[in-house]
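Please find the structures below.
Next, two complexes with chain A in common: one pairs it with chain B, the other with chain C.
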Partner chain A sequence: MKKVLSLVWTVSANAFAENVRNRFFTIFAVFAFAAIYASVLAGVMAVDQEARVLADFGLTLMELTALAYALFNASSVLLREAETKTIYLVFSRPVPRWAYLAGKLAGSLLTSALMLAVMGLMHLLLLKLRGFGVPPAYAWALFGSLLKLAVITSFAYFVSLFSTSAVSTLVISGIFWTAGHFAAETRFLAEQSAGAKSLALNAAIWLIPNLQLFNARDAAGFISPAAFLSAAAWTAGSYLGALWLVSRKEF
Partner chain B sequence: MQRLALPVAALLAWGSGSALSVSGYRSVFPPPSEIRTPVAGAASDMLALALGTRRLFADVWFIRLLQYYGSGVFYAQEEEAPSFEWLESKADGGHHDHHDHRILNGGGKYPRFLAMSRHVLEIDPYFTVAALYGAGSLAFNMGRPEEAQELLHYALKYSPREWKYLNVLAAIGYSKANDPAAVAASIAPLLKDPDCPVMLKQQAAFLNKKIGNYAAAAAIYADIYTTSRDTAYVRNAERELQKLAKTLSAGARSGKPR
Partner chain C sequence: MSQHAVSFSGVEKTYRRPRLLGAAYHTAVKDLSFEIPAGEVTGLLGLNGAGKTTIMKLICGLLFPDAGRVKVFGHAPSGSEAKAKVGFLPELPYFPPQVRPTQALEYYGRLSGLSGAALDAAVEAAMRKTGLEPHAGKRVSEFSKGMLQRLGLAQALLHSPDLLILDEPVSGLDPLAIHDIRQLLAAISAEGRTIFLSSHSISEVEKLCGRVFIMVRGRLERTVRKAEWEAAPGGLEAIFVEAVR
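So, the complex of A and B:
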């Protein structure tokens, strides 16, 4: 067991290092520029609500920046490894497919966590420079973003194994992300409708993960243990689905 | 059978996540049927829901409301900001000779003010400052207390224990009864709250000055001067403090401090 876990760790550390080498930190510069620009605008337009606007803008920008990188990475990494034949080299060694996939996923999540942490520090520094403190439930908002990213990244891995290109994976995952935020509205519509329409909407409620569960940023609250378990279950579901597809592929 | 193990396990894991979500989640936001989107704002509302960014888009709508109302224009030109029609009618039998900010603000009656204020709350019903700002402006600046009450009742639907809304509702009630001292007393507990909009502080200061409570008015203006980032309010507070200092020192000399 220890040997297998060490294998997963090696793959994830390798994936993480690859992301770092991929100059993903240039995104931080983009984030910093956008945040500073927004702070100048917010100071002029929002006057006494500058702190709130800066906090909301920063948290949203962080989540979307990390999402863009996570989806780009998840949708292309397996395809790229297959095209460059790197994956053959890995599987020629005693590395089980499940460990390889778990390592890749863990590497992606580590990268997302690092991105959120660094951008969060930059954001807090900017707020401090403008004379504001830490916004309420800030850590929960970041943790919620990480849970969302875990769900969508694992789903993108799953999709990338049957889609024809990285672009189609990006599009499908993007739609899934959007639909995941409409969970409350979908439930409302399901309650209002009847027959086949209600059936279809109820099916959607079960098929699409409710990303609003983790939206502590909007609800200014905390993440419940049930929400955390849901994230773990959805991530595991996508991982197992991806593992099923990987196990059927000839490498 | 073994070939089916992984997809079955995946479906079971996914289903358990959904089951937990279905049983444990109740939305804290207004349903879509309550959102009355202005035609020009449909795209931003869609984005607010699709990206889970209600707070950010509520901020955007609030900024639009501020721009619509253009408070800066008013305060830069006319210090006696609030249009206390009810107070004036008590003081001079209904004759209005002060500058009405509605004229200074392009002569508008801000017909969309309630709709825009309400829309901010439809997107984020927990945006307390927006509710207080909207209700305060409607009730005390525009003389539309019924609309202010409607807005506060909508806000109370989602935050029924919010004492600040209840205090402003009480203040509106007293304003209808032409009791400025009671209005000032109802607003007073809000003034030290971080959610209190500077506009409401300005109203309280103005009211206290009007009823002769100069020390309280000076304290509120001093608070505006030190805490607000709105230069128009800060400049106005500075002017008022200078005037009040003269009044208070004159009162002290005559032995009748207020």
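So, the complex of A and C:
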């Protein structure tokens, strides 16, 4: 078991190093800095609500930037490894496919965590320069964003194994992420409707994760155990789906 | 150890390509049976689309046969027992351009189960054998095609595999690089390891192999031993041309 876990670690460390070396990571980091700076300008325009606008706007931009990178990475990484034949060098070795997939996913999540941490530090520095302290539930908000990224990244991995291109994976995962922020509205509409419409909406409630659970600052100021379990279940479900596909896939 | 490094028995592999309506099917290899004895250097010749790469991928467990049975040292190719004994060099191997050769080799060495001092020694030996030592400080982006091929060979040699599968090992290389790789493969063969290589270069196959399979449209058309082509007028080239025409 120790040997297989060491393989997972090797794949994840390599994936993380490749992601950090990737030029896109730098572009996203520059974009994040610019976006956070823009949030300061927006904060100035908010007059007496400046601290709140700065915090909320910055957190949203950080989440969207990390999401864009995570989706871009997750939708293309397996496809790229197959196209460049790098995957031949991995799967011709005694590397179980589950370990490879777990390593790749862990590498993507480590990258997302690093992005959020770096952007978070930039954001806090900008807040300090404006004379504000750390916003309430800030660490929980970042952790909630990371949980959302875990759910959406594993889902994008799953989709990338059957979709025809990276673009279609991006689109499907983007829709999934957007729909996940309208879970309460979907539930309300399901209760109000009847027949086939109700059936479809009830199915959507089960098939799409409630990503609002991870918005710590909208909830009690922390991530509840139920939210944590939900993230774990969705991530594990998507991983198992991806594993089922990758174990049958030929290269 | 099984006396056959590889055995194919009635193997068939058909590719399915989805189309707008239905799918297109292409049979890459059909009713294929052969054995590669352990310790031999065996070549695989054939025109483009003859099924050479498919055979190599089936041995490495990258493809699964639709019918028949493939065994590598008596084990299923997708199992870890077989994979631990195989080193694979695909055609035109790719390595991330920003890494140094030792970094790439350390990664693949770890995936082969090496660690610590054993990993360091394996990387050093693979770099030395493939003549990459003077280029250890360079990044892969600075490598020529020949150096990339050497690096590909180095990753295949890392874990001292009993069976080397080489898909076009001298493709696109300059004469000096071809000479060096030929010397290296001869040295590996002298250690008693099995080598199975595909190539479009008949002269290279003639120099390296003791036996050659000639594939024609997914079928094994002929098996030729060294003594046969050495005795034949026109050598292996004449036998190959006659077989594929």
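A few points about this structure:
In the analysis below, the second predicted complex is superposed on the first by the 231 of 251 C-alpha atoms of A that agree within 3 Å, B and C clash if a C-alpha of one lies under 4 Å from a C-alpha of the other, contacts with A are read in each partner's own complex, and residues count from 1 in each chain.
By definition in this document, contacts are C-beta pairs under 8 Å (C-beta built on N, C-alpha and C of every residue); 3 or more make two chains touch, one makes a residue touch a chain.
As the structure is a computational prediction, the values presented were derived from the model and not from experiment.
Applying the stated contact rule after C-alpha superposition, one finds that A:162 touches neither chain B nor chain C.
Once the two complexes are overlaid on the shared chain, A:211 sits against chain B while remaining clear of chain C. By the document's definition of touching, neither partner reaches A:37: not chain B, not chain C.
Of the two partner chains, chain B is the only one touched by A:53; chain C is not.
Residue contacts after overlaying the shared chain place A:231 against chain B, while chain C stays out of touching range. Looking at the superposition, the partner that touches the larger set of chain A residues, chain B or chain C, turns out to be B. Once the two complexes are overlaid on the shared chain, A:94 sits against chain C while remaining clear of chain B. Touching chain A in their complex are the following residues of chain B: 6-7, 9-18, 20-25, 27-29, 31-33, 49-56, 59, 62-63, 66-67, 124, 126, 129, 197-198, 228-230.
Chain A makes touch with chain C in their complex at residues 3, 6-7, 10-11, 14, 18, 21, 84-86, 88-96, 250-251. On chain C, the positions that touch chain A within their shared complex are 57, 60-64, 80, 83-84, 86-88, 90, 92-96, 98, 107-108, 110-113, 115, 155, 159, 165. Within the complex, the chain A residues that touch chain B are 43, 45-50, 52-53, 56-57, 60, 64, 178, 181-185, 187-189, 205-207, 209-213, 215, 217-220, 224, 226-227, 229-234, 236-241, 243-244, 247.
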